[in-house]
Structure formats: structure tokens, C-alpha cells
């Protein structure tokens, strides 16, 4: 029996805009095994961040079920949801806008402990804060610093400590390293990995960086314009990508190795479709290198083509 | 690794640190402190009934001299004394008016910005209506309708500014509301109260404070203007605008009577404008290098 | 574009309704009423009451408002209590004077302030910048009515170049227009400067410079047009305030404009005149701001695109 | 050989920013040479001084607060730092052109893209307005945008298209040197591939030399012939791409490689560089990388290394190589 910490079924989020309905997330389903990491990759505007926020109901999903530890989060009221968020947390992309500039490091880290009445004694809270800071590799002397006095890497550590402060079992990492420099990225990725094994955390790892997701995740889903186009264990996806978009995405990643000949790349043409009022056809058809008549007919559904490997493409069977 | 010092520094002291480096801001602060001290000292050395409003026909309309530095008015009262005494009205009403309009505007603007929807529509339409009527007309009508008490004057001067404050606050709150740290606060279980006060309002206040400091000068001119057209503080109370108004009849030959009260207004307003510029420069991160 | 204009014009209706209700209510608080004004102090209590009853002055304020608005829609704004003349006609007689003053003041301000703003932005941190900015700060801090008095003392009484007040030929216009222009000039120069400074730091200025555009041309062609939006806003607001708020300038120079009309009517408790004038002035200002909005679209294609999408 | 040996020859360039918090030492005494038609990558992290170097080459360092303290920049024979403004304006855009990092803000929002391309042509070529317009249309097609869009405004284009318009502006006067400052950092991966592909095709066609500034070693591997690695305002290693990638010499370069997750080897562990880049207002006395370097010795904290040649084309700035047997780990275990 597999122990799933999270199961998302038919998650959908539409935003109402002046021009029409914006399909941010369209009918997404996946499961996350306890202690594992699910990577969600895709380019800007594909809805990956909306998924992360919808799971915590920071954004109210339009429809769908989010089953966390066997309980459907969509059925909880605001208060119940608030206490449920001690089990699930989120780490944000931008280490600048994700910290309140007027709160010190210790104020930011201790806020959740106080709000949720996890620890009552002031001394114990202090102790817990310094324990958390230690855990994420922040020296104690920064406790009274303000975020603007610190660099991006340290700020991201504060964000991680804030998320850990409520002892969560599950964390959504929303592009946690995209805004950081290469050498700092590696520091943070290693920290997150280390914390995962130490605290038995389950992650959803949202990113646009294929190498990072490969390093970090067990399973992976590829998103395009709010739809899941491919889903599989990481090794399988990188060895044998099936969806034309995944193939293009993988071939587009620059590889930092010397190669005599120019690498062959799939260069996509055309423009990304507008996510508003989408017609009933494959969303990738405007840029697809394997486009044919079937693609215009209807929207492809996810099919299992190998064990655990799902693809949504008319041309893949 | 070298230990990098991290001083504990609050945002307020950070702003003050920037402000101190601002030459014109410090100049403005010096002007205003100087004026405040003069008014305070004047309060003790001049007696209202004899020195300020007491008439002295024998010394009417004397040009500036060593005895009367700014000369005397048509009732023989020393103009310098009256200017010093009159400063309290300008400053008190000016500051009170800005405080009043800021409080009302911030409350309305925050409600509109944070909650949106119907509340926002109602508040912003009301702001449209009040902004459509020219501010000075609004003040004039208000004083005519409700009387010329100090309280009503304060409201008359501030009422025209409320829509602008509301707009600025709303825009700022809307920007801050979308910041990720507000979302993070929600994610760790903060309720609306905590979010509004701890995370949104404090961070949304900079533009409001900047705007408020820049508006003090305008409020002081506002009260002087009302007095000038006879709707503000009335004789014999010495108010700068009222003094200018009565000096109008004596422009020919006694122009010094119109000179000094206006100069007092200008210097005061200049002081506050300099402070306002300084505050803006030290609070606006865009101008920081 | 055209449809957007109509839509915005349509939007003005609720705002103007709100404005008129507000004005009507505040007029209700004015001390004294038509009976007092028309019959004078000699009238007895009975006569006053009789008059009030006959003219519906004892009706609730909302009833009177509806009656007023019904008349207004027929184009009838009532008759002045004091002069007995038609409110609308009286207002329209005064309006050209106010428009003349406001527009000449504004033109003067624009002619000087925008070049000053551009020069100070380009020469940021130099002595020239400092001097011009201090002068403009002085201009901004100077109360308009005091400046008016100083100009009268200097140019009318001492030099005798211009009349002290009243209207008539061009000479009468000079001092009030200059007075009005000075404060606006200060405001506009400062706005131009800060707006230019902001724009000059933009990436696209660097792009232009990188392709070999000279500094002068980058400023005048690339920066100014982008900086123009806040400048136009301020011009609009200032023009609006000088239409509605010219009371002070008109008082100092006895200029027979709308502001003086409203002030005189207020002091004489001529409520129909005040109500009508305020409503008309407000409409004028609102319409002006609408025109400013339309001008934006010509300057900034992004805004134009927004308008067009709303078709 | 061309009449000039190098498309770009920078020597001893030092750029500082004088701020109220102290002097920011952005670029410290660097040399940079680009042979005609070659492409050199300038790699480094945020704050390494890459953009300042690029702006100095254009002589467009914002001043104040920026000051070019010393150095010589010879751009295809032109001494950029000692030219009159009017002459400089002739060089910019025709001899050297630049592509900027953020396509969202690099185009003027109130001018249509046609006007912005034509402007450059009219400035540098003796053509009529109509001819310039026609050339602009051709350029637009060259970068893969339909000529019917010439009257579009920037806000009507996607990010990738905007960057292509910027490329069109840069290349329309056939410059000898193209400076591309993080040209794809703001773009999605698939769009990045499009834009890089376009740049390298056009560069081949126009035979333009290129200085490619980036933080992404992968892009360097695809696009460049030589690479300079920059750290805290200094160049710490320079060589051909092959040398630097397969025979890495500087510990910082090694750290950069070890910080990257490998797309085809997910099991390999990341070995991040410890610590942070030093504050550019107070650079350490010795080697600027010493505080973060795992090979650092006492002398590294005291003495500043200079860039020494290892082979004809490979240079490294590291004191450890005074010991002839020293080698860094990356090369010991193979790639």
C-alpha cells in the first residue's frame, strides 16, 4: 500500500478577466507519495504557481478535490483551513517580496509559532527560533536584522525557516532558487534536500529549470498553458520524453559542457496561445513541430503509454 | 570568514539617517523649529490683550523702525508681535487639517484597497464626487454653512484633500496587498486583522506620509486664503491671511503692512515644503542610490 | 476612441448627480434663506413664513432638490434673489473672463516651466539646477494672493505700468495672469523635472544612446514624450483648479469672473446663484479632466490600446 | 589580417561608482580582447561587474555616480574613451551595438517598432526615409517577424518578439562588435533557444564579433569560442571554451561548475561555493576569492594574484599555481 500524503483530483482554476475566462489550471490530477518530491515544470504562464497556491487554498480553486492526509481540503472552512496550514507550507520565489521589510528575522520566523499558539513561553519561542535559524544555516547574529540588510540567499533561508516553524509535513517550493545566483542556488537546493531527509518532508517543487528538477524530484509533471502534457518518474522522462513540448523543452536547455559540434536543437516556431477562451484543440498546436490535422480536432487527454508514464498528445500512442 | 557587523536598525532610524544627509530637508526642519520656538517665546513675552489686540492710536501706521521692526498697523499695533502671535493659528490649523484629512483618507483608502468590491466602488465614487468640486469652493461653502469656528475651519481646509489621500492610500495598499509576504502571512495562519495592521498598513504608509508632509504647506496657505477673503479667523485676532486682507486698503503708502505677514506665510510654507521634499527623498527607495 | 469618450461622458452623470445633491444639502445649512434675502430685514415673521410657504421653501430638502433638478433639465437654473436675473445667463456672462484668465495663466506657466524642468533634469546636481529649483520652491511656497498684492505694489502703485485691478484691455490681464502663472509654473517645473529624471533612467533611453542617438535627441524625442503623462495630469488638475479656484486671484485684482460671482453671491446669501454657479463650474472642471484623459491616449499608445479594446 | 588586430581591445579597465556608502569597485583592472568575428563569453554572477564592463565599452557608464578610473578601450581602431561625443554617437550603433537584458523595458513604449529600427538606420546610413523603412522591414523579416507588424508598438509584442526587435535594431547597421548583455535571462527556455539560435545565425551571416555576457555556462558552451570568468570585478580565468570547460584551472570556475545540477547525471551531488561574494565597497586585500576558496593558503589572503598564462590561450589568476604540482579536483576525477 502506497502512502500518499497528497492527492489532487481534477483541480481547476479559472480567473475571470475583462476579456473572458482565463484558464490558469485546467483539470489537473496527481498524487504525491509521503517523503517524495513531485516536480512541476513549465514556462511562465503555464499555471504552475497557481497549482501550488491552490493546494494551500491561498487561491480558491474553481473546482476539484485536494485530499491531504485523507481529508478533502475543499470541504474545510476558513478556520479549519488555517489550522491545517500548520501541516502544509509554502516557500516563495522572490526572496525580496516574500519578506515583510519592517519585521526582523526573528519576528518573521516566530510569527507563525505565536499565531498558531504552538509554544507559549517567550523563552521557549526564542529557543525555537534560534534552533530554526541554525537548521537553515543562518547565524544567530542575524536574528535582529531586517531583510534589506541581507542578501538573497540568506533571505531565502529566512523564508525556509518561516515555513519550517510550524512543523509541516508538506511544503510547496515555488521556484525557490530561480532568483538566486548559481553558487547560492546550489547552497539552497542542498539545504532543501538535507531538510527533506532529516524532517521526512514531502515537496512539490515548482520550477522552470529542467536541470534543477531533474536533480531534485522523484516524479515530474510537465505543464503547458494550464494543462498537464506529460507525467512520469524523472529518469524515464529525461531518457525518453514523449510529448513534443517536453522534447523541445529538454533540447532547449543549454548544457555546460564542451562539445565540438553544435548540438542539434528543436527550435519552436510560432507564438504561445492566449490562455483566454481556448478553443477545443491541442493547446500546443500553434508551436508544435509534429502538428497534424488531428491536433485541431480535439484536445488530447492524458494516456498511460508505459507504466507510470502519461502523455497527452494525439501523435503519441 | 570576516564577521560582518549587522547593526540593529529600525526603519525609522534608517529614514532619519537618510534624512540627516538631506541638506534642504534639514534646512526646512531648522526653519520650522525656529518658527516654533519664536511662537513659544512670543507666548510668554507678549500679552494678548495689551500687545496683540490692544489699540494704540498714537502709533498708527508707523513705518518699520528700530522700535517697531515691521512697523505698526492702522490701529497702532506692532506688526511683528501680531505675526508671532498669529503663527499659532496657521500652524495649529494647518497641522490639524493635514492630520484630519490623513486619518479619514487612510481609513477609507485602506478599506477600498484591501476589501475591493462594493466597498471600494462606493468609496471611490464618493471620492470622485468630492474631487469634482474645486477644493477652495468646498471650503468656502463649508465655512459659510457651518460657521467660522476653529474646528470648522480645520475641516474646511482639510475636506478637499481627503479624496487625494484616499486615492494614494488605496493604490499603495493594493500594491502591498499583492506582495508575497502577505500571502506568506496567510499561509502561516494570520487572520485579516494581523494581515492588515502588521503586514499591509505599515508597509503601505510611506507614500501617504510623504504626501501628508508635502500637504502641510498647502493647508497653511488654505487657512490664510480663507481668512484673506474674510471667511477664516476674523479681526481682531491676528491671523496672517486676515492681516493681509486688512492691509489691502493701505497698499498705497503703507506697503510694509502687506509685506511681512505674507513673508511669514511664505517662510513657513517653504519650511514645510523643504521638509516634505526631504522626507520624500529619504523614504522613496527609487531615489536611493 | 469615440465610444470611449461617450462612455466616459456617460460616467459623469452619476458623479454630477452626487455633486448636485451635495451642493444642495450644504446650501440648506446656509444661514438665511430666500425669504430673508428677498424681503429684507424689515419684514415681519408672518410675511417671511407666507413667502416661504408660497415658494415651497418649507418642503423637505429632497423635495426641493427634485423640483430643482426637474427645472434644471428644462434648462432653467432659477433666478437670482438679489438681481432677479437668470442664473445661467449671469454665469455665462462671467465665464469668458475666467476662461481668459485661466488659459493665459496656464499658457504662460507651460511656456516657462517645461523648458526649466527639462534643463534642470539634464543638469541635475549643478548650480543651475539648484538655483532654478530653489526659485521654483519659493514660487510654490508663495501664497498667490500675497504675490498678487506684491505685484500691485510694485508694478501698479510704484511703477504705474499696469492698473491695480478690473478688466478691460490687455493691460488689465497682465498682473492677474502672471500671478496665476507663478504658482503653476513652480508646480509644473518640479513635476517636469522629476518625471524627466525618472524617464531618463529607463532602459530604453540606454537603448537609444547605444544605437548612437545623441543625448539631446534622446532627451527631446525619447524621454520627453514618455515624461509627458504626469505633466499632462498636473496641467489638467491645475487648469481645473484655476477655473474653479480663481476666487483669490479674482478677488485681489477685482477681476469680474466666475469666482468673484460665487463669492459675492455667497456673501449676499443668493442661494440659486451659488448653487447654479457651483454646479456649472464643477461640470466644466469634470469635462476638462475628461479631455485630459483623451489627450493621454494620443501621447501613450498603451492607453490608446486600452480604449480600443473596450469597444 | 584585418587592419585592426582585434574587434575589441580593452586594457587595464577600472570602473568605480562613487556613492554615499563608499566607492563601489565594480571593475578592477581587466583586460579583454576579442579577435574579429570571434565570440567571447564573459561569465560571472550578479555584481561581478559584467554589465559595467559592457557599458564602459560603449562609454555609457551613467555618470555620476560612475567613473572610468583608468584603462584603454580600442574598438575596431577607435579609442572609445578619448572621443568627442559627436564621434562617439557615430561609433555607437554602427561599429558596436548592444542587446540588453530586459526586453520588456528596453524598447521605447511610445514609438512603434518601425520608428525605432529606422532611427538607427537613418543615423548611420546615408539613406532616405523610404529606404530606411524598407530596410527596417527587411530586418524585421530577418529576425522572424512579419513585416506587417512594423507599425506595432512594443506592448503588442511578446517578450521573445521584443528581444528579436532589439536584435534587429542592433544588427541593422552591420556592426563589427555585438555586445549581448544577458540577452535571454528574462526569457523562457524555449524562447531562449529561439533567440540564441537567431543570434548565432545572424552573427555568422554578418560576421560580427560578439561579447556575450551571461551567468549561464551552458549558453557559453553553445555560443562562444573563448570565455572569461569574472569574479568581484576581476577576470580570474580566460581561455578557449574547450580549455576552460575541460581543463578548469581557477577554483571559482570549478565552484561554478560544481554548483550546477547535471541534466544527464542526477545522482551527482552539488558542491556549492561556501559564503558570499565580497562587498564591492570593501574588497579583501589579497585574492578576492580567498575567503570562499577551499584551497586558500595564507599567502592568498595577503597577496593579490595576477593573470598568468598557462598556455598560449589559457590564463588563470591564482597563487596556488606557483606550486607546479597543484591541480584542482574537478580535473583529477575527470569530468
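When the chains are written out, they are named A, B, C and D in that same order, and each has its own residue count from 1.
The rule we apply is simple: contacts are C-beta pairs under 8 Å (C-beta built on N, C-alpha and C of every residue); 3 or more make two chains touch, one makes a residue touch a chain.
Please read these numbers as outputs of a predicted model, since none were measured by experiment.
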More contacts between chains, B-C or C-D: B-C
Most remote chain, CA-based centroid, reference being chain A: C
Chain centre separation in whole Å, for chain D relative to chain B (CA means): 51
Distance between the centres, which are taken as Cα means, of chain C and chain B, whole angstrom: 22
Chain C partner contacts - residues on chain B that touch it in the complex: 125-126, 128-130, 132-137, 140-142, 144-146, 217, 221, 224-225, 228-229, 241, 244, 247-248, 251-252, 255, 258-259, 261-262, 265-267, 269-270, 273-274, 277, 286
Footprint of chain D on chain A - complex, ascending: 43-44, 151, 153, 181-187, 189-190, 208, 210-212, 214-216, 234-235, 238, 248-259, 262-263, 265-269, 271-272, 287
Residues of chain A that touch chain B when the two form their complex: 53, 56, 58, 82-83, 85-86, 89-90, 92-94, 97-104, 111-112, 115-116, 141-142, 144-146, 149, 159, 162-163, 165-166
Chain A-facing residues of chain D, complex: 45-46, 158, 161, 188-194, 196-197, 215-222, 241-242, 245-246, 255-264, 266, 269-274, 276, 335
Chain C residues within the chain B interface of the complex: 14-16, 18-19, 22-23, 26-27, 29-31, 137-138, 140-146, 149-150, 152-153, 157, 164, 198, 240-241, 243-245, 247-248, 251-252, 262-263, 266, 274, 278, 281-282, 285-286
